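Chain lettering (A, B, C and D) follows the sequence in which the chains are written, and residue indices restart at 1 in each chain.
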Amino acid sequence: MAALVVAFVLLSFVASQLLAPRRPNAAKQAPYESGIVPEYEPAERFPVKFYLVAMSFIVLDVEIVFLYPFATVFRDLGLFGLVAMAVFVLVLLVPFAYLLSVGALEWGPVQRILRAGPGPLLRTRERVLDPMARPGAGEEDAA
Amino acid sequence: MGLEQVPHNFLTARLEDVVRWGRRNSVFPATFGLACCALEMMATGAAHYDLARFGMEVFRASPRQADLMIVAGRVSQKMAPVLRQVYDQMVEPKWVISMGVCASTGGMFNNYAIVQGVDQIVPVDVYTPGCPPGPETLMHGILTLHEQIRTGELLRRREASPTGGAGIVLDREPLPTSSPVS
Amino acid sequence: MTDTHHPDTSLQRQTDEGAQELVPRTRELVMTGGVWPEDTLGDTMIINMGPQHPSTHGVLRLMMELDGEEVLRIKPVIGYLHTGMEKTGEDLNYVQGTTNVTRMDYASNFSNELVFSLAVERLLDIDVPPRAAWIRMMMVELGRMASHLLFQATNGMDIGAVSMMLYGWREREECLRLFETITGLRMNCNYIRPGGVAADLPPGWRDHVLKVCDTVEAGVHEYDELLSDNPIWLERTVNVGVITTEECLAHSITGPILRSTGFAWDLRKAQPYLPYDEVEWDVVYASNGDVYDRYRIRLFEILESAKIVRQIVEKMPPGDFRVQDKKITPPPRARIDESMEALIHHFKLFTEGFKVPSGETYVAVESPRGEIGCYLVSDGSARPVRMHIRGPSFYNLQSITPMGGGSLVADAVAIVSSIDPIMGEVDR
Amino acid sequence: MADTTDTTTDEPRENDHEAPGPDDDVAAAVLGAFAGSVFVRSHGQPVVYVARGSFADVARYLRDEQQFSMLIDVTAVDHLLDGVRYSPPGVALERFEVVANYLSHVRNRRLRVICEVPAAEPSVPSLTPVFPGANFPERETFDMFGIAFEGHPDLTRILMPDDWEGHPLRKDFPVAKVPVTFKGDPSPR
């Protein structure tokens, strides 16, 4: 069993290195710009928001990594394991709550202040000519 | 070093068949839908004519993960450099299906705006006729391509004549092999 | 209602210290046709949602000025599918003209053929027999259903409901198979021609059309349950890409986008060009002018079209399907063997085509994307002097700038998808 | 919209050929406001030929006074190789014609305004300040015919590649057909 696992891992890594034909050319090094040939190398500084998101991802991802081994043996650990893991998860909730409060995940440039719901769908049988006229509801359709 | 550098003898014969079988069964097309043929390509990929049976249901958007370019639609003069750039950025080994008569020969638009046949830009392996070719025609073209991949005849043809397709090809010279990449 | 602000004016940025005025750019970024000069000052990034991109329908290129995930300005660059169709239109005679025109808006081919045929008939001063008009109306409405189903498929996939792509295509496949039985081709059917339609309806067409209407209506109700009250869908589409009626009128925007802003303008009601006033149907419109309204308008327009098609199936008049003028309509195949005159007419029609007296006219038709118009100028010969098609998507694309400013990149994708541009009709 | 919708009686339906009654009242108003314009009824549709200079003023006049709320289309026609050219009486014909279609929602009417443009100096005042919707079509007309629109914010090529010479839809621009050769065809025709 273990040999099969190792063989599979090796095969998937080594085989592609060995068998893939390697023909590098200039276009393959160039950044992919949806097909447009970029004349200039865009030297931008990425906005800080992206790093913030990356950092919070790492924190939460590591948390999940620790949950996996716990999930396989949590029956044997019993109450002690449950409490320990609960403390661990709670401790990690604090930074997540801070992130939400400071608005790191709020990408919206302009807050959609009024959460107006979707408007009604309207129908009219006779023709409407005046752009400003709102001919009532017509037969309101309970979509 | 690639499959080509592997010495071709009875020891490695089975390896080549396995590699070709692997390539044939997981060809990922790059979404290169241009015009009406794009709708028929989507119809082929959709539920009824299902390309997933051939392991091709995933239309990769970026050329980095695609190894088959289906040129679906008419290629205009303004689109030609973009097509060539996307073709160059595709990973090796790569194949091209020219879908529809507009891509194959300029079709009914024999005028200033359309490239009369996409094989003037990229080497084409399979041409599917029709305007737009029905999903069956496209699948027949894909199966012919699969067959040629399995027998390895496609790669042999590409090595034999660098143009590969019927027309002239403006190929960019590959980088010197001593580049840091390899 | 969020205030629809124009991107050039300074933007308000909500941060935890309250609204921060975004300092207007010191150096006005010149939006030229070429590549933008490198922007070293600001921290904005100019990226290309370019011609080869999964979410731009076809080969539309959007140059976007991004500040992080926030889109400050969008500039559509088109022309990547320019096929010189208007030049080819001047090269083909009137009999061949529909094959060229039908490939412009390839999602709903019948509207293009109809607008070209109506323009030629207007120049010839002829009227098609009633059966031809009713067949044309049925085919245009079926084409509208197929086109809106395509919209549901691609719009769903662009906003994230990937399974919508499969559902949408399932129903559209039924429509395409119906087109194949009636016209012989799934797409680019070249069925509506100057003088009437190419062939009469095949026997047994009534129950095939009714079966397609049933499947499509069942599908539409299924989409409605799947998406219309889905919280994620509402979050992604409500109040996104809002546009007002004034902006629509100023930017010459027609079709579902104009109807989503509360103005129920539909050419089929206002200026009927086919017997639309003899069938009962409603104009579907909404009031918010956002992506959600446009999605729902197109969804329920499919039901309206199905209602029209059902009434057409009952009221289809008998009679000729093509005008009986020998100079325009080729004789039936059997007649050619019997009469010399029919042979001459057939030969003349298919080699040189029929002559149209000199004149100019503009005809407009309601296509699924808006008002498609054909401006035809003839000089008495068999080829038009000028065949210009006013593509609705060409003008609807101009609504990206008022709608797109100040949204997120993902919203920009939803907005482009809600405009539903077909690049064949934009670039011609 | 200033006044209420005036009750114009003759609502010309789209496929109504002979619009009954006197001249179209909107066209009559335009004739009154702009000297040197000619009214023609082409296949039942009102058409006004105006002087080149007043092309943008007509648009402003139609939008403000006559409730024409939408500019439908701007395009051009090249009459170089015409057979029997359609020539309405009283119009000085030139090589190019710039055509603008207007639509009034309130009055459910259409009007076509055409102005003749000489080949020597192909330029027309732009409609974009009046109707922002004219931005794209005017760029396309410039790209295809080479007719410049003064006052247009960004008059660059829209359909052709930026480095393309010549204007394709002009009659003297060749269709650039590639001779069609078949397998075994000795020499391309």
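Note that in this section contacts are C-beta pairs under 8 Å (C-beta built on N, C-alpha and C of every residue); 3 or more make two chains touch, one makes a residue touch a chain.
For clarity, every value in this text was computed on a predicted model and none was experimentally measured.
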B-D or A-D - the one linked by more C-beta pairs in contact: B-D
Subunit A and subunit D: spacing of chain centres that average the CA atoms, whole Å: 50
Subunit B and subunit D: spacing of chain centres that average the CA atoms, whole Å: 44
Mean-CA-position distance for subunit D and subunit C (Å): 22
Distance between the centres, which are taken as Cα means, of subunit B and subunit A, whole angstrom: 32
Subunit A, residues touching no fewer than two other chains: 35-36, 129, 131-132
Junction residues of subunit B, two or more chains touched: 63, 77-78, 82, 86, 111-113
In subunit C, residues with contacts to at least two other chains: 50-53, 79, 82, 84, 87-88, 91, 249, 263, 265, 270, 427
Chain contact topology (line, ring, star, complete or other): complete
Touching residues on subunit D, where the partner in the complex is subunit B: 159-161, 164, 168, 173-178, 180
Parts of subunit C lying in touch with subunit D, wherever the complex brings them together: 31-34, 78-79, 82, 84, 86-88, 91, 118, 122-123, 125, 127, 249-254, 263, 265, 270-273, 358-364, 371, 373, 375, 377-381, 385-386, 388, 390, 394-395, 397-398, 427-428
Touching residues on subunit B, where the partner in the complex is subunit A: 1-4, 6, 15, 19, 62-64, 81-83, 85-86, 88-89, 92-93, 172-175, 179, 181-182
Residues of subunit A that touch subunit D when the two form their complex: 129-132
Contacting residues of subunit A [partner subunit B, same complex]: 18-30, 32, 35-37
